[in-house]
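Before anything else, here is the set of structures, which you'll find just below.
Next come two complexes, and both contain chain A; in the first it sits with chain B, in the second with chain C.
Presenting the complex of A and B:
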């Protein structure tokens, strides 16, 4: 684990926004995604490796590592009639934020309660860092490791925030 | 001021957009439109307002707020409040 914190882009992942159709059966939707229940403000990893993140009421972001080019379409087919799927693979950028001081660094950016009791393993939030909207979640890993998604055009803004916040934190130590 | 979003939990107001009073209905005649657009009761005490959680769960909330103390007694999803 790095001593401070590092922000590493995660490339080649399939990303899709999923919204339940009106009156859809949540248990059925969860079964189609291979999980026991749809997460509410939490991130869950299915057996298939797909990560399902609750972003709003009956709204989720689904991420697939090593996604084939037609993954979005196949997900839409899999969930047909139960949920609407919109492929966002080219719209969002994904990052891994990890290291001993990852949480402390995040506290300089996000206006949410990041105490481990309030935001721990599997917690997810849709919020703002450096004026840019982000979807943030903590992975199930041992170390404080976070992942986040934001609109691709805000990448430079986020990376700038990270560089400045890390330097400020190092200078304060 | 923090707004207790029913989905996201307590969040700073900078994540929200305030749309104003909930109980205004779009009129069907031109004469009433001026009042609809410009006139507000602006009462002291409890008010019901629509707030949009733009930088969060992207849902409309119906928030009951005290206009003097800013104390929020209730915040529900507007789609639930309308049911």
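Presenting the complex of A and C:
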């Protein structure tokens, strides 16, 4: 594990915003996504490798590793009649934030409680870092590893914040 | 030198060199600038705000009103820094303020001679007339004469960090109460943050000789500090002031990360602004000693008694050689004992009270002269030399003294406790205001709660945590009790004006005297808030921490009321001054706010684009080419190239919203004035939205891609607002509709390809799609696949030319753009920016931001016919209000100058020929203006009364801002291709 923290862009992933149709059967929706129940403020990994992140009431972000270009359309077909799907594969930039100080650095940016008791493995939240909205979740892996999604136009600003916040944290040690 | 030979929490093995007003001195690590100056016998450190009176060091803490200096030099110079909280470092450089030419000889001190003119409110009375001189003459002169330090006017070279923290319990202050509370809480297992403004914990324990559970206070403090420091559930923030309590149990804190260093280490922030969310907070901020009111109580050498004890014990400095103690409280006697044991010659202890505390006996035995029921009348000397005292018998005595330690009693430091409108209440017992109803989640303990003895402070620390853990249902109960000796803490404040001959100050930093308070009362400013504003008492950077209660009491006396009936002020953040840079943090300069970049931002930079801000977006405004004289030449070229050949413009910033669901069409019918349920799949339609009040909200095109899926676009400026509007409609107005909406603004990079050659370019690039007018007519739309990716093509036009918009997922936007340019190379395809886009829309009479101003209706914009009569929609009822249908309302027209070479400016007002250019004759205003290459003239869009009926009429565009009055002719707002032949070509 890196000593401080590093922010690594995750490329080539399929991303889609999913909203349940009115009165949709949540169990059915979960089954279509290969999970037991739809997550609320949690990030769940399905057997397929797809990650389903609860982002709001009956709203989710679904992320697929190594997605084909038409993954968004195929997901829409898979969930047809149960949920509405908007392909966001180009809309969000995804980052992985890892390292011994990842949590400490994220806490400088996000005003949500990231203590392991409050935001443990699989926790997810929508929040703001450096004046930009982000969807933040902790993976279910062993080491504390965070991932976040933000609208792609904010990438340069977020990366700038990361650089200066990391430098300030390093100088404080 | 007045450094004691032993003692103090200073490191005598680390001598430090520093300078004050250019003269070099030495001190030790552990000193403050104030203690080091006192150790060097420097008493005069500044001149006062208004009267330029000599001032010294009054306190030993952050409440200091007098010892304010400019610290550091060059760009790092910072004015009004309290010497009492400035940690000494090697090479420290400070200069005194508010004096000219020198500190000891200040010409402005003649203000004292003019003192009768400078009483409270003088500037309201003296500089009233002529009023026009106020801004230009009086105010600058007064400000220069009365200002404290000056800013460097250079950019701040330091950086500021920001951080967040969460805890069950925030303990504000690490004195005995705070330490006892933090330890109890920490041992119970809850999450604790202990914030202390000082570099050391211990608070008052550093200024005395107390014992706790039989252990010396210093050792007790060190033991508890060590235990807390090693506990994983405790965060210790030293050099950190909590400066405000905010809604939602949130506290603001400023951590002085590097202020104790000559300059921050590379990359190290100077300060860090914390936002702390705490379920509960303990206000353990202690108490602040009150000055006594007597003549020249501001002389250097007059000091708070508690501060004298601090300098003796913590810094091993005797602030004088011949001392006199003047007290209304038992704690003053404690200082007298401290002075005596430090070997300072004690001339007398003067107590305002009849009954003296038990501690007086020991002093009497030591041969100290004691005067009960006596008053100090005046202090004498530029720095204190003599003290004039009236004894109980009414006789006047004069004592030689270079140090006067005064104690008027203690006021709980409840500034934070009266944030959020929490009003303090009067305690008859301690004769001070104590916290009443506090900010939610906050509890005061120890001296901050008016419980002044060490025993009470420790008891509060433990008990308060027990009740908090019970209430929150977290953690275990305390196991330890802390016992201290009993001590005398009585005080009988002397709420009376000075009986001396010279000025007696209540607010030292703002030079407000007891007589100013009386004057305020005479002039009718009898509310404590009015008195505050009239006299400016409590409005300096120290926020009246020392003088407020005395002033309230004097006001009560002058108006024959009891103090609780006068009341006191509330406080609001910040409790201590906070550098504005800390609030900005890393968001400064170009990074003040985030920037949004479109997919082809880097490409545009490579093309020499000049960018314009559109909200947070950076949009290419134009693409200059070598040899072009100015932007107008560039924009004119871009328009001509597009209208005669083909141009390409990044329109990705337009808001884009997916509207899904079986009821999507129904929702759109209600959002837009015109019908969308009739729109066939594969077609786009222009839509206009109103606000509920009937005025135009936004417009854009919406495309139907499936029975249950529409793709909406909005203006760039309103993208977020329209999304909110839709969510409101879905969630609040019509939760019964089965419709879902998602912002996909960021998903699609979209490029407008416009001009007579646009079809040729796209057909070359997309040979598999039939782009003929028959197969893909105006307002057609389709999905297609580009390099395996989902892509979309629309036949839309904002320019009025044959035009298309092409979209691909944004991460491939630049690749698409490059391919479009490759395909368009043989057609001399030209990139154009938002300025050319604007010119072409004005030439076509399309309303945009300037016309969608929130004050225009659909009728005003010539779109009244769009309002469907077959359905209901948001804004329908209010849009039909009589006044909004008045044909005399300003409505959209075009204008052009009668003399073709003349310019017109947006914002100009339209006036009838021959009418005076006054508001009563206003006929409307010019909303948008452009130089039209197609018309070879400046043209404009305007909102004109009865506009549509006045085509051909001549008016004047009166533009006082630019000094123009141009004769214009009213015309059709559509200047280019009014029949719309080209878009359908």
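The definition used in the following text is that the second predicted complex is superposed on the first by the 173 of 173 C-alpha atoms of A that agree within 3 Å, B and C clash if a C-alpha of one lies under 4 Å from a C-alpha of the other, contacts with A are read in each partner's own complex, and residues count from 1 in each chain.
Operating definition for what follows: a residue touches a chain if its C-beta (ideal position, glycine included) is under 8 Å from a C-beta of that chain, and two chains touch if they have at least 3 such contacts.
Remember, it's a predicted structure, so these values are computed and weren't measured experimentally.
> Quick one: is A:26 in contact with chain B, with chain C, with both, or with neither? Answer first, second, both or neither.
Neither partner.
> Tell me which partner A:89 touches in the superposition: chain B (first), chain C (second), both or neither.
Touch status of A:89: second partner only.
> Once the two complexes are aligned on chain A, which partner has more residues of chain A within touching range, chain B or chain C?
The partner making contact with more of chain A's residues is C.
> Can A:55 be said to touch chain B (first), chain C (second), both, or neither?
first
> With the two structures laid over each other on chain A, which partner does A:108 touch: chain B (first), chain C (second), both, or neither?
Only chain C; A:108 stays clear of chain B.
> Using the touch definition from the top, say if A:145 reaches chain B (first), chain C (second), both or neither.
neither
> After lining up the shared chain so the two structures overlap, which partner does A:46 touch, if you call chain B first and chain C second: first, second, both or neither?
In the superposed model, A:46 contacts neither chain B nor chain C.
> Looking at the overlay, what does A:127 touch: chain B (first), chain C (second), both, or neither?
After superposition on chain A, A:127 lies in contact with chain B alone.
> Applying the document's definition of touch, where does A:171 land relative to chain B and chain C: first, second, both, or neither?
Touch partner of A:171: chain C, not chain B.
> Output check: A:157 vs chain B and chain C. Expected answer is one of first, second, both, neither. What do you get?
After superposing on A, A:157 lies in contact with chain C but is clear of chain B.
> Please identify the positions on chain A that touch both chain B and chain C, taking each partner from its own complex.
On chain A, the residues that contact chain B in one structure and chain C in the other are 111, 113.
> Taking the complex as given, what residues does chain C use to touch chain A?
Listed in rising order, the residues are 159, 161-166, 191, 257, 264-269, 272, 275, 277, 586-587, 591, 593-599, 616-617, 658, 660-662, 709, 737-742, 744-749, 785, 787-790, 808-813.
> Mind pulling up the chain B residues that touch chain A in the complex?
7-12, 14-15, 55-59, 77
> Give the list of chain A residues in touch with chain C in this complex.
Listed in rising order, the residues of chain A that touch chain C are 17, 19-23, 69-70, 72-73, 84-92, 107-108, 110-111, 113, 115, 118, 130-132, 151-158, 160-161, 164-165, 167-168, 170-172.
> Show me the residue ranges of chain A that touch chain B in the complex, using the header's touch definition.
Touch residues, chain A against chain B: 40-41, 55-57, 59, 111-113, 125-128, 133.
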